[in-house]
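Okay, so chain A shows up in both of these, paired with chain B first and chain C after.
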Partner chain A sequence: MALSLINILIFPGFLFLSTLALAFEYVDRKLCARMQNRVGPPWYQPIADFIKLMSKETVIPTEANPSIFKSIPIFALAATASAFLYIPIWGQRSLYPFDCDLLVVLYFLTVPTLTFFLAGWFSSSLYAEIGSIRAMTQLFAYEVPLYMALLGPALLAGSWSISAITAFYHQNPLLSLLNLPGLCVAIIAAQGKLERAPFDIPDAETEIVGGTFTEYSGRYLGLFRMAVDSEMVALAALISAIFFPALLPANPVLGLLVFLIKVLVVVFILAVIKTAFARFRIDQMVTFCWKILAPVSLLQIVIDIIAKGVILS
Partner chain B sequence: MLFDKAIHWARLKSPWIIHFNSGACNACDIEILAALTPKYDVERFGIQLKGSPRHADVLVCSGPVTMQQRERLITIYEQMAEPKFVIAVGTCACSAGVFNGCYCVEGGVDTAIPVNAYVPGCPVKPEAVIDGVVKLLKSIE
Partner chain C sequence: MAKMMIPLGPQHPALEEPESFSLLLDGERIAAATVALGYNHRGMEKACESRTYIQDIYLLERICGICSHSHSSSYVQAVEAIAGIEIPKRAAYLRTLIGELERVHSHLLWLGIAGHEIGFQTLFMFVWRDRELVMDLLERLTGNRVNYGMNTIGGVRRDIDSTQTEEVLKALDILEARTSYYIKVCTEEQSIIGRLAGVGKLPREDALRLGAVGPVLRASGVRRDMRKDDPYDAYSELDFNVITDDHADVLGRTVVRVFEIMESYKICRQVVRNMPDGPIAVKVPAKIPTGEAFSRYEAPRGEDIHYVRSNGTDRPERVKVRAPTLANLASITNMIEGGYLADVPIVIAAIDPCFSCTDRMIRVQDSRSGREDRYDWAGLRQYSIDWYKKRGVDLSQTKAAWKD
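And now, the complex of A and B:
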């Protein structure tokens, strides 16, 4: 009981995830700055931002529903923190593995997007409503390719459990080369899920002020930023667990180190994409996702089914 | 006390700004935007440009306050969350400059809202804008 509480609250749960989230926000911003030929923020920048937002006054619009307005950021953070518990972060096994935990993690990672929609909708501001509708439109575009890209590797491994998938690819590392199209799709869709450039359409600052978070200030904005950062860590961890199965040492400390390096690689790729592209229009984004990402992820499933028939039988 | 110190430190290290044109001729606005480009890289000091007044700590105001913009300026100021600071950028924002006494001009930014720091110049240089923000932060200390 006490051990599970420590697991949930401190390691590898909430506190560890928050620290990682702040650290990787710094890494992301620094990488982005270096690629733009800038110096970039100092290492304590995300911490300073978080403390400042926590200590600022919180304005709640009179039109908004106060209880929903206040509780939504907590839901967003809770969903990502719960998702992180089921992702293996050292070795091949997550803390509490069960059958179908891949689906549970994916659903948990969809909850933040839904909370962004609700946050914008219930703050009763025009810009926030436009932002939330864009967030919802985007959800329908990237969610299907992302799910199908993760479905392929699961089909080949013959299990819905992340730990089992990781163990399978650890035994057959060469088979994970078949999942390269899925990896590309997953990384691009993750960029949409995290609402970063080129898919930062829901919070396009030059068009719709602050997007879904226009009315959010102080503490609740800080919680939302934390939720987005921890969603980035959770998604990167999920992608690295499923697509980068090699090098899983039995020693937990070494395993944690390898895990951090893998997440760093994914965050690096995400930062390169963020720096290299400008924002798309919403219709371009939806067209791109359905005409290119969805067929590629279908191709991934076909490849995996053929491989399952030919190689494994 | 450690808590208060941490909050104070965080406020100094993370000033998010919002830019508002209260009737400027656009020269100061372009210089403010130039100060935000990678060449000057204000993210070194934690400064970020925010779109929504709810997110920002520092209101960077340029231009004399015209009668039309006055109410909007006050609305934007009131929408910001405490603690909030105002910087008047450019001679016009400081004192209305050559527009002082014009039929449509109320005066400098301080005739509408309280101002914490003044940065004169016509137009101001990007270095002066950054210097103004740094001096504002020192005055908060």
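And now, the complex of A and C:
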């Protein structure tokens, strides 16, 4: 019981995830800054930002429903923290693996987007409402390719459990090369899920001010930002667990180190995408997702089905 | 979903200055748009009438933080025309040099802002980093980064020496290499073209009918540039091209601006190489004879018009400024209606707006009753006299500082 509590609250649960989230926010910001020829923030900037937001006055619009307005950021954070518990981080097994945990993790990771929608909708501000609609529109565009891209590797491994998928590719490392198209789709879709440039359409500041978070301030904005950062870590961890399962040492400490390096690689790719493109328009984004990402992820499934038939039988 | 009205401004992250755009949204599309001016009236034209001609240069230079040299040049040209003064050749060349460097810095600034408006922060950071080169150069030549204080009636106030000439040529080489890279980025990078092409269309006929000026007009395929059509300073002796483009959209406006920067480098090199020797200013009496004149100047944003009327004293009787943004604002609603909400910021930014230079009136509305009050100069004076009278001060016998 005590151990489970420690697991959930401290390692690898909430505290560890928060620390990682802030650390990777720093890495992301610093990388972007260096790529844009700027100095970038010092290492403690995300912590300082978080503390500052926590201590600031919170303004709640008079027309917003205060209980929903306050509880939504907590839902977002809780969902990502729960998702993170089912991703293996120091070896082949996660903390509490069970059948179909891949699906549960994916659903948990959809919850933050839904909370962004609700947050915007219930803050009853024009810009926030437009941001909400955009967040939902975008969800329908990237979610299907992302699910299909993760479905392919699962099909080949013959399991819906992340731990089982990791173990399968750990035994057959060369087979994970077949999943490269899926990896590309997953990373691009993750960029959309995290609402980062070039898919930062729901909070495009020059168009709709703060987007879904226009009315949020202080503590609740801080929680939302923490939720977005944790979502980035959880998604990067999920992608590295499914697509780069090779090189997993048996030693848990080394395993954790290897895990961190893999997540770092994913965050680096995400940062490169963020700096390299101009923001898409919502119609361009939807077209891109359905015309390019969805067919590629279908191709991934076909590749995996053929590979399953030809190689494994 | 029902149509909704959303405000863009007067306070909005996409706008650097206060201006109000009301957009009627049909989903993500703009069904209708209205523009309301009048948030930043500074009363400069009236203030000019109580200052001497020399003091007015300093005031008018501060109309705009970016095309400051354009406004002061346009004004001194008008005053020189009334006084019948021919400025020395060297002064004309120096004005041209500063004017072109200003165009370079203004267009680079615009390119960075365009990157910001379409959510491309990297372009913004890179361009503004390189813009520092030309800012430093301007500071080295004039002592200031924005308000150069170069112009005076009858010439310029500072000369440049051979070391400064060297510096100009050296900086131009680096800037030219950088700009060629940005030209490549703007004309080949697919995600930029995807955001700019076909956005904010303004066909040639509409551009002419609505009186667009500057790069907006040239991007609609009209060859109109005051430097060629009505040459001032040293432009009649220089070899350069007027850049036009047939895209008639934001991409066209971008292309026109980036290629204009290259032309400016060409002009700067010619100016520096062919700079004639001689005095940099002629003496002008403080009192300007009676007369009126208006002058046109190709500012980075388009044709800038100044009108000056003198009455034989050392102060002008009337100064009228028509900033290029006013001419381009008329076509804004045409450009954004029917487009996407996401494109509104870049379409507005594509005219390179300068709202504070444009405002000539302020509208005060009572937020509760919706009542509007308008005063002319005499009415405003009467209002202040009455206001003080109620409080026991009688100012009705005080002489008015200005004639109406």
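Here is the rule we go by: the second predicted complex is superposed on the first by the 313 of 313 C-alpha atoms of A that agree within 3 Å, B and C clash if a C-alpha of one lies under 4 Å from a C-alpha of the other, contacts with A are read in each partner's own complex, and residues count from 1 in each chain.
Here, contacts are C-beta pairs under 8 Å (C-beta built on N, C-alpha and C of every residue); 3 or more make two chains touch, one makes a residue touch a chain.
This one's a predicted model, so the numbers in the text were calculated from it and none came from an experiment.
In the superposed model, A:279 lies in contact with chain C only, and not with chain B. In the superposition on chain A, A:130 contacts chain C only, with no contact to chain B. Of the two partner chains placed by superposition, A:78 touches none, neither chain B nor chain C. Of the two partner chains placed around the shared chain by superposition, chain B is the only one that A:221 touches, whereas chain C remains out of contact.
In the overlay built on the shared chain, the residue A:299 is in contact with neither chain B nor chain C. In the superposed model, A:197 lies in contact with chain C only, and not with chain B.
In the superposition on chain A, contact is made by A:36 with both chain B and chain C. Looking at the shared chain after the overlay, A:56 reaches chain B, while chain C stays out of its contact range. Put simply, chain A uses residues 36-38, 127, 205-206, 208-209 to touch chain B in one complex and chain C in the other.
In the complex of the two chains, the chain B residues touching chain A come out as 6-7, 9-11, 13-14, 38, 41, 43-44, 46, 49-52, 54-55, 57, 79, 81-83. Those residues of chain A whose C-beta lies close enough to touch chain C in the complex are 32, 35-38, 126-127, 130, 133, 197-198, 200-201, 204-209, 275-284.
For chain C in complex with chain A, the residues that touch the partner chain are 1, 4, 6-7, 12-14, 25, 28, 115-123, 125-126, 129, 189, 191-192, 194-195, 340-345. Contacts from chain A toward chain B in the complex involve residues 29, 33, 36-42, 44-45, 47-52, 55-59, 127, 205-206, 208-210, 213-218, 221.
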